[in-house]
């Protein structure tokens, strides 16, 4: 029912994301049925965020100026109740990233914080070793998600082999997905935009919507792998986007794990 | 005959475009047979524009600095008679975009202004409602195109279900295309580069060249849809680029609407 | 054996590259088995370069600020012995590019300089005519490579129909590849990242590793062309990435020219 709503309403997703994944993010959002718009200039982000269905902040290739613009956009979204998703790409890998993510979390009311276990654990101060921006860590994903949700007072999604949604008290697991997602750049970043789209049509039922969004995303990967495993990851990427377009709410209900 | 010329001469298209679509634009221009070059720094854009076959200015992810650089490049192109295409992405959606597009139109002799009806109407001051950057509006596309051509003293292309080319007096319609073009990010932006390439080899017959370019682009989409409709929009995007490579002038003559 | 090592060690490749090719570069590196990370801000590039397996500097869409950041990253890499690949995209096409490339070569100990004949010849001061950023020139590729290697005291790779690796004294030719590589944007830029990945696992045998990397890349193109020649260059691009994923050291040994 969320997919149907997104495809009817085509929510505008104001995406302030990194230069590596802008194109893939926009095409993924179009495949889903949302309307991506990228706007980065300080002079316009407040205007754009205000008319959006949701705002995505992703610090993958950040600069001080972009972080400033993200905070302006985030505050503007907060004023009118537009949900905000923060993806703290590479938090823990450099001081600039960790500090920038924390600063955004302090100044903006973030609706959902989404990252891998390495990123989220570095924000809550649990020590783990991170390798690059996609670095996974061993350990208690659920504890990390739950701790972050309490500390930053926002819903938290920690993605990995099993994805965890936490509101700080209850935790929910979604087990769909496929390892080839980690072989295509930007699949984590696009997921932030996908979750933003689900939030845009699901006021008041955010936790449900996040679980549906994660299942939808993982199922698309499972189906894409089935069809392209003989070919390779570039074919997988194309088929993954095709699946994002064609999957229905019924598919998600039937195949979610 | 324009396609043949482009493939013989490989005109250099200096593309100052937005970060979302740079890769797709470059690959689309290569598929056509043109030579894309991206250069953005104030210190070099005048040099690059001067040796180009055409200059593309696209404000999709603009900043003040980039607009300055676009004006430097545009003036340099004007000095040596290099045609300039302006794509005012998102004009009407934020004040920054509307004002930046108008400023470029004032300071640079733009050869062709290309946008959707929402963008162009916001520049000529006709009130319509725009949704996002791809927002279409109901209404008189032809009037909007014609008014813009007279007001800004340049050829104007308004794209939509039917594309309109106007010189302010005569208007020409091209009806090729497919709705899936709106499901792939950057198809409007790439079209600006494609039209720039046609202009680069068609001095003195710009209106004809624009019609041929629009028909070529729309036919590629029609053929791509026929081959990929069972698969989805990501497969469509790939096949669309394949078609841009393989279509000939004869195909365009035969299939244009 | 280099491919096997890369796929076991997944070296982190800190890629400071141009906005046109970031996504393609990252996906190509993932296909190979390396771990791409893009970081551009002055405040973090020294940290990132230090923990990387190799650093890629590509001036394709440069600004003064980015060149500064590249020099900071390069010096940091030098301090800890991380290999540095410089791709002087468009050197010779504008003064800014030629000067920026030379400045990096002066201030950073570059391990490998990689470019086409036009770019490298402009850096060594041999006069040739360059068209755009992909401009090939007639002439003595081997002489250009050898001269650059001596002048800049680094290994030099000049790519073209036949690729040349030179240490300034000995020159080695690799003849794999396919002309369709020139019809996909960023294949030269991605090659810089691929060679950086080979260097990351081949301390002390750089010249061998570069030849293996060039052969691997060219063979992937040959195989991709065989499978997609009836379809077109966009299908070729997808299959090329698939091949980068599936080729083995044995394939390279068997098919290298």
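Letters are used for the chains, namely A, B and C, taken in the order the chains are written, and counting of residues starts over at 1 for each.
Following the convention adopted for this analysis, a contact is a pair of C-beta atoms (placed from the backbone, for glycine too) under 8 Å apart; a residue touches a chain by one contact, two chains touch by 3 or more.
Keep in mind the model is a prediction, meaning the values are calculated, not measured.
K.L.:
Building nodes from the protein chains and edges from chain pairs that touch, which of line, ring, star, complete or other describes the result?
P.N.:
complete
K.L.:
Shared interface numbers for chain B and chain C above half of all numbers used, same, or below, different?
P.N.:
Under half shared, hence different.
K.L.:
Can you report the angle of the rotation that maps chain A onto chain B, using C-alpha atoms only, to the nearest 5 degrees?
P.N.:
Rounded to the nearest 5 degrees, it is 120.
K.L.:
What is the distance, in whole Å, between the centres of chain B and chain C, each centre taken as the mean of its C-alpha atoms?
P.N.:
Comparing mean C-alpha positions, chain C is 32 Å from chain B.
K.L.:
Counting only residues that touch at least 2 other chains, which ones in chain C make the list?
P.N.:
19, 23, 237-238
K.L.:
Residue numbers of chain B touching chain A in their complex, please.
P.N.:
For chain B paired with chain A, touching residues are 18-21, 23-24, 60-64, 90, 93-97, 131-134, 183-186, 231-235, 237-238.
K.L.:
Okay, in this complex, where on chain A does chain B touch?
P.N.:
My answer: residues 10, 12, 19, 22-23, 26-27, 30-31, 35-41, 43-44, 47-48, 237-243, 245-246.
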